[in-house]
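As structure tokens, here come the structures.
Next come two complexes, and both contain chain A; in the first it sits with chain B, in the second with chain C.
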Partner chain A sequence: MLSADLIFKIAGLAIIVSVLHSVIKQAGKEEYAWLVTLTGIIVVLTLVTRLVSDFFQSVKSTFLLP
Partner chain B sequence: MRWQKVDIFQIAGLGIIASLLLVLLRRERPEMALGATLVAGIILFAAILPRLSSVVSAFGGMASESGLEPLYFGIILKVLAISYVADFAAAICRDAGEELMATRVEMAGRILVLVTALPIVQEVLKVVRMLLT
Partner chain C sequence: MTHTMVLAAKAVGSALVIAAGGLAGFAAARRVEAELREVERFENALLCLSSEISYALTPLPEALKRAGSAAGGEIGTLLARTGSLAGLSNRRSVSRALDLALAEVRPQSPKAVAILKELAANLGFSGHKEEVRYIEMSIDRTRSVRKELEGECRRKARLYRYLGLFSGASLAIVLL
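Entry: the complex of A and B
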């Protein structure tokens, strides 16, 4: 669960999405650019949700809560 | 990286590197920067939790030696956990610029702490009443 890789993963994803966004925008397809951004956000949200859930579980076990 | 015996150099290094990366991200993709902030915060927080658990078990041993009611120690731990989690969530909200969400989360945390600590307050009042009569 605990690894600093996820920060770099998200940063890389953000850079890729940024590049794709600007390329598609240059090609004149504004609505597809928006779709790419949305997909990136959903992927990040999925990664983060799992981590948050694990984090809450570990807080619970640290403070001996049921 | 070994997280079981984390020291301050690992925490400081991760914090500095994450900050550098976040400065870069925040200009381009603010929403992804928020996700990265959340991940970095969780990793820093969770890295130090195993150290805290040894303190908790030490205090638990002390509490049971001094003959304290086990219920009270459980309440203290619960209050600690509530305040840590509420503070963490409020800091994330504030970082995203949502002051309202941060204050609501903090208020919910305070109310939950009050509700959790109610048995102790009642016990104190009972003792006071016993002393007065």
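Entry: the complex of A and C
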């Protein structure tokens, strides 16, 4: 997957999660709104896990860390 | 050619996922709004029952049947069935007839059923003036339940619609 695709994907998810958060908050269920935001964060973290791992590998190889 | 086909498949798949989420949300919203409609029908049925008893002096079982058919919906069916099961010819009180009718018809509004149960316990034991007074008390209670439900149902229905649509959209984005 291209990195630009991933960025657009995360941006789309962020827009949807923020709209959902405000809608649920307006309905008076603030705890569910935070739950939805947390789910969004977890989904995005799952998407970027491999990239973060690659980044750490690059850092390690660049600075010759064991 | 293959690239175009993949893109088209992705677009169709995303549209289907969003549509499925939206439909689920709209179905949940419709279920929420159905309770409000039932309470509105119940209020109309009680108004009709009050008019039948106070102005037309219709016997209670017949009045229940007419109010039920005028109101319609599940609550109307319940009232009509109660009317046909109650009365001297069947040797049943309204309360007993309602219990039997509830075994056959189960309306979507538990609040309306609770008010109806309390009303049924007081019907059929006194003169028509007393009965009308009991019905008017029930109308007042139903009115306050309806007002309470109106705001709540509208908020919940909007929430379910948004949730359905946006859940579908976010699933489509993750799957793309």
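Everything below uses one rule, namely that the second predicted complex is superposed on the first by the 50 of 66 C-alpha atoms of A that agree within 3 Å, B and C clash if a C-alpha of one lies under 4 Å from a C-alpha of the other, contacts with A are read in each partner's own complex, and residues count from 1 in each chain.
Following the convention adopted for this analysis, a residue touches a chain if its C-beta (ideal position, glycine included) is under 8 Å from a C-beta of that chain, and two chains touch if they have at least 3 such contacts.
A quick note: this is a predicted structure, and the numbers were derived from the prediction, not measured.
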item: Touched partner set for A:17, first chain B, second chain C, both or neither; value: both
item: Contacts of A:45 with chain B and chain C, given as first, second, both or neither; value: first
item: Partner chain in contact with A:27 - chain B first, chain C second, else both or neither; value: second
item: First (chain B), second (chain C), both or neither touched by A:3; value: first
item: Greater residue coverage of chain A in the superposed arrangement, chain B or chain C; value: B
item: Residues on chain A lying within both footprints (that of chain B and that of chain C); value: 13, 17, 40, 47
item: Chain C to chain A touching residues, read off their complex; value: 155-156, 158-159, 162-163, 166, 169-170, 173-174, 176
item: Complex contact set, residues of chain B against chain A; value: 1, 3, 14, 17-18, 21, 24-25, 28-29, 31-33, 35-36, 38-40, 42-43, 45-47, 49-50, 52-53, 56, 60, 74, 77-78, 80-81, 84-85
item: Of chain A, residues touching chain C in the complex; value: 9, 12-13, 16-17, 19-20, 23-24, 26-29, 40, 43, 47
item: Residues on chain A engaged by chain B in the complex (per definition of touch); value: 1-4, 6-8, 10-11, 13-15, 17-18, 40-41, 44-45, 47-48, 51-52, 55-56, 58-65
